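There are two complexes below, and they share chain A, which is joined by chain B in the first and by chain C in the second.
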Partner chain A sequence: MQSARTAYPVTWRIMDALEAFAATVWPANWTRAVPYLMLAPAVLLVGLLVLGLIQIGDTSLRTLDTSTFLLSEEYTLANYQRAFTEPLFAAVAARSLLGALIVTAITLVFAFPYAYVMVRTSSPALRKFLLIALFLPFFIGQVVRAYGWLIILGNQGMVNEALGLVGVEPMRLLYNYPAVLFGLVQYMLPFAVLMVAPALTAIPEELEAAAGSLGADWLRTFFHVVLPLARPGLTGAGLVVVTLSLTDFAMPAILGGGSQDFIANAIYDQFFRTSDQGLGATLALMLVAVGSLLVGLIFTLFGAGTLAMGRARE
Partner chain B sequence: MNAPLGKTLTLWLLIGIALIVLSAPTIVVLGASFTSGNIITFPPDGLSLKWYAKLAGARALWEAFLRSVYVATVCTIISIPAGTVAGVALAKYGVRFEKTIQTYLLLPFTIPLIGSGIGLMLVFGNAGVLGSLWPVGLACCVINLPFMIWAVTASASALDPDLELAAANCGAPPLQTFFHVTLPAVMPGVISGSLLMFILALNEFLVSLLLVDARIVTLPVHIYNSIRSIITPDLAAISVVFIICAAGAVALLDRLVGLDVFLKSK
Partner chain C sequence: MHDATTDAGAREAQGSQPVAVSVLDVSMVYDGVHAVRDASFDLPRGRFLTILGPSGSGKTTLLRLIAGFQKPTKGDILINGTSVNAVPPHKRSIGMVFQRLALFPHMTAAENVAFPLKMRRTDARKIPERVDRYLDLVKLGGFGQRRIHELSGGQQQRVAIARALVFEPDLLLLDEPLAALDRKLREEMQLEFRRIQRELGVTTINVTHDQREALVVSDEIIVMDHGVIQQKAEPSRTYRSPRNAFVASFIGVTNFIAGDARSLAGDTVVVGVGESEWTGVIGDKACPLNVGAPVRGAIRAEQIRIARDGRALEGAGSRHAGIVSDAIFEGERVVYEVRLPDLGDTLMRVFDHGPHDTIAVGDEVYLGWNPDDVLVFDDEAGHP
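Our next item is the complex of A and B:
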């Protein structure tokens, strides 16, 4: 005969105790509140960000006293006035905005065929290869990738060595605007492909075949069938790429070498170089407003897409 | 398939360029780490493992790497319970203000990283916890939390709610139902989500840069600080550690959920 102990294992006793505990602290008629309790930890964590935004807002309303290097006690809008009037910030904003638009255009041109072949290919091996080539850089991180570009584009780097072989003088390929944009395109490609691919999956292959059998060549099929149907995915990808490249820090900092600052770099400098926290906070808040508007636009236009966290709707 | 030649050529030309641009930094860093010269060149001056040997003695680099691992661990440990219960709640229960809560939980993605980083820096500064390492892990958890919730909801929606009712019908109290029915069903999501959280926190650069001081730099910040002064091959060797971690993560993710899920249309 089994002893009572093995018949009723310790783990069961622990579970019983836990259940009894849960039942006393959480009576059965409160069950409607359970989902909210389950959401609480995540809501609290994200609450840290909200607290942070409030702090930024508060700091942005105080000016720096240059004699004591302390922030003023009373609130003023002086920082906002400076942010809007100083030509330096207008130049940085224009550079970032123009950069973000160029990067988006180039990224989409390359992301679209990549996603197209990845979705349409009949070879699982090719699909897997393309997916791995996409995810590997995504997981390696920006700093290491930028470091790779420093080696390739540096004055004694690969590209200059290759140019030297055909007799071209070494060129300065780094620390200029194109280098930053190039690095950003590389950083954004995986995001763009992953946003475009589901939209392409949703287009039935038969539609293209139908266009073809009606006499359209591949270019006409592409411009009149595939592209219009993929537009939601392309717009979504475009907005994500614009937002992420507009607010990027690492690529302008590493590949731009301090001469090609984007908005994020200007904010960083205000906090850590000039120590004008008030002005830095003002710029940060303005960037948050622009960034959130753009992303809010994506979500209202297309829903959260693959990032939707809710229940599947029938 | 007999696609027209022009189409095949155009597609492959663009994909070829994309593939080169995507992989070049990785390959070059790998190659440069095996150089026998004293400066970074590619192709390397000759093959040697001397920079890996140097790495063994480079305490600053290893300490930075261990700090990154610590940050990633803290991030993952916080996000697993928080993300799992939130994901299950969102996927299975009709919550009031569901849309509002979803939008709120997506805030980490809508706020630009520099904004989140500066905000958390001010909050942690006021709380007097800047200068220790766990707030960096907490910050990484906050900024990437939607990934975790998303991974869990994806697998929780596939769970048949009747299973939980059946468990309850068989006399299982709520906690038992959760641990023996719900949790095993969402496990694939929990595992792939925590994998994402870990690798993203391991690589996290900007938020680390804002929250650490010179005594507690994480590895991405250490590499960033070093490439601004002088580029030595030992950095390439330590970067290979990141490449190995990334390759491991991709392989694991592929085994657990299959990379193809990212191609599915909703």
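Our next item is the complex of A and C:
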């Protein structure tokens, strides 16, 4: 009895039942359609997105009539002209782009050693600790975390209190560019570590020992062996971090306090404050364009990294 | 059987060369488990040493200690006379070929070979010529621009060897690099190793659990078991005069006969099994036997003759009747398993190179051997 149960586990019986059920509701001669059917939800979703984009494209070509608060009937490029000429939008775009690049660079520099220690440490306790420390922030949403920083970095916050103890005047730590970048780095770090770690796991430890016996100290081992082999992971992580930072809304809104808007904040303002949907749509399309250009640039410079499709070929 | 001449010859050869590696009383303990226990040996410059032993016997650990990837729990390792305990791997002049090769997949074959030169800050103008010379040495001239994954297993092997040799290290370490190859390629590479090693004269320590490889390529063999060095000697001596039953069982096809020592006369031991007796000689002169102690006699399969007719074995000092229980055809020879009722039903393996169609399973046969070929060991020392 015992052996029979282990040789044919309950999960198999459940699957048998499911298969029998599937066979009655889905005749065998339909099965060739199954793969396409399973693709359908994803295709539908992407299709809706494309429809949305077309709609936005249409809206971006109409201006707001300030007397009626309705969009104009005829098409015009006025919104694009505004987006390109008004210094405010240029400043927002430059701030977001520069911010995304800085955040990506800093995040990767921080994520790499973290992932390396997590993967290579011989202590299971340390590995567990690093993993938990990595996942905990995931359970606390981005907005809550941003508010947490408000409390910690505020004028009466913990940091200023501590500085006060050693006789340093309270400083304004919030509502400036560095605060937004700081919040973004802190938010992106787990994503980057999780994308870099598998790439490091894939590098056999023996390669590093080999480099050592061939005369490379740890620094040269790092630059000549570990870094090149980890490149796919770094590229993948960089792509994710750069797009998430470029399009982020919460960190600039909360830690920037309205003075450090990124593109997403500007779009939000057009849609929900000034109700200028035409200009909002224009900015949204430009964000899509800038993001795509940036990703395309990274693809051509570094390859697609771990996001490359098909079978990897080194 | 005691080849005193080769022994003395070896000592002379050792005397003429300074010691390249000294391992002094080295132990390595992992959470209470001795991976290596009190290992000591000297290796003269230019010699090819093979460490042979079963899985888990501590071979890799000993090699990693010499390479410097780990620090011994106890003891000292000297390279060219100076202790290297405080020297990190990249400052030791050691080339190592790893079990899984550890070639750099993001570099070409030539770049792999150039890597140690670059790391050692060799003049950049000299690197291409050196790389070519060593790729030629391992017969890979013209393959330099290939990526590692574009090379066959045996070619990758050669790249790994070239990479370990190109910076002309004091010492070459090989950790079972041939284990993954098929037999034919492995045997080819074994001879290649020996050729290259002799051509360059580099001191080499090779790890393997392939006894044939150890016998073929080495100047000296260390047999290890359970982290302990069982014997260090040149191949012929290891084969002909194993120091204990473990070494005897690990190398060659060896038969064991059990019993109790009944009487001793000089080197000769008479051993009893129930009603009957057999005779052998003391295997380890340094370890005297006691009358009454349980012992085991070891005799190589090729030292036993087999015949259907007992009269054919007149010259043999020992002769026993038996029943063939199995016949294994191995191509160039047939291996017979013969049960000997008067020696406590001991199963003996015997080779027959002659015309093989005369003896069948179930036949009554006679086995004959020279009692001087039976090495008697204390049963307590060195279990296989």
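For the reader, a short list of remarks on this structure follows.
Here, the second predicted complex is superposed on the first by the 257 of 314 C-alpha atoms of A that agree within 3 Å, B and C clash if a C-alpha of one lies under 4 Å from a C-alpha of the other, contacts with A are read in each partner's own complex, and residues count from 1 in each chain.
Definition applied: contacts are C-beta pairs under 8 Å (C-beta built on N, C-alpha and C of every residue); 3 or more make two chains touch, one makes a residue touch a chain.
Owing to the predicted nature of the structure, the values given are computational and were not obtained by experimental measurement.
In the superposed model, A:Val166 lies in contact with neither chain B nor chain C. In the superposition on chain A, A:Tyr116 contacts chain B only, with no contact to chain C. Touch criterion met: A:Thr201 reaches chain B, while chain C stays clear of it.
In the superposed pair of complexes, A:Ala7 makes contact with neither chain B nor chain C. Contacts of A:Val25 after superposition: neither chain B nor chain C is touched. Using the contact criterion defined above for the overlaid structures, shared-chain residue A:Asp217 touches chain B and also reaches chain C.
With both structures placed on the common chain, the touch criterion links A:Leu189 to chain B but leaves chain C unconnected.
In the superposition on chain A, the chain among chain B and chain C reaching more residues of chain A is B. Comparing the two complexes, residues 217 of chain A contact chain B in one case and chain C in the other.
On the chain A side of its complex with chain B, the touching residues are 15, 18-19, 22-23, 31, 34-36, 38-39, 41-43, 45-46, 48-53, 55-56, 59, 109-111, 113-114, 116-119, 122, 127-128, 130-137, 139-152, 154, 156-158, 161, 185-186, 189-190, 194, 197-199, 201-202, 217-219, 243, 246-247, 249-250, 253-254, 263-264, 267-268, 271, 280-281, 284-285, 287-288, 291-292, 295-296, 299, 304-312. Listing the residues of chain B that touch chain A in their complex gives 1, 3-4, 6-7, 10-12, 14-15, 17-19, 21-26, 28-29, 32, 39-43, 78, 81-83, 85-95, 98, 101-116, 118-123, 126, 138-139, 141-143, 145-146, 149-150, 153, 157, 173-176, 179, 199, 202-206, 209-210, 220, 223-224, 227-228, 231, 235-236, 239, 242-243, 245-247, 249-250, 253-254, 259-260, 262-266. Considering their complex, residues 204, 206-207, 209-217, 220, 224-225, 228-229, 314 of chain A touch chain C.
Considering their complex, residues 67-69, 88-90, 92, 94-96, 98, 100, 102, 104-106, 115-116, 119-120, 147, 149, 163-164, 167 of chain C touch chain A.
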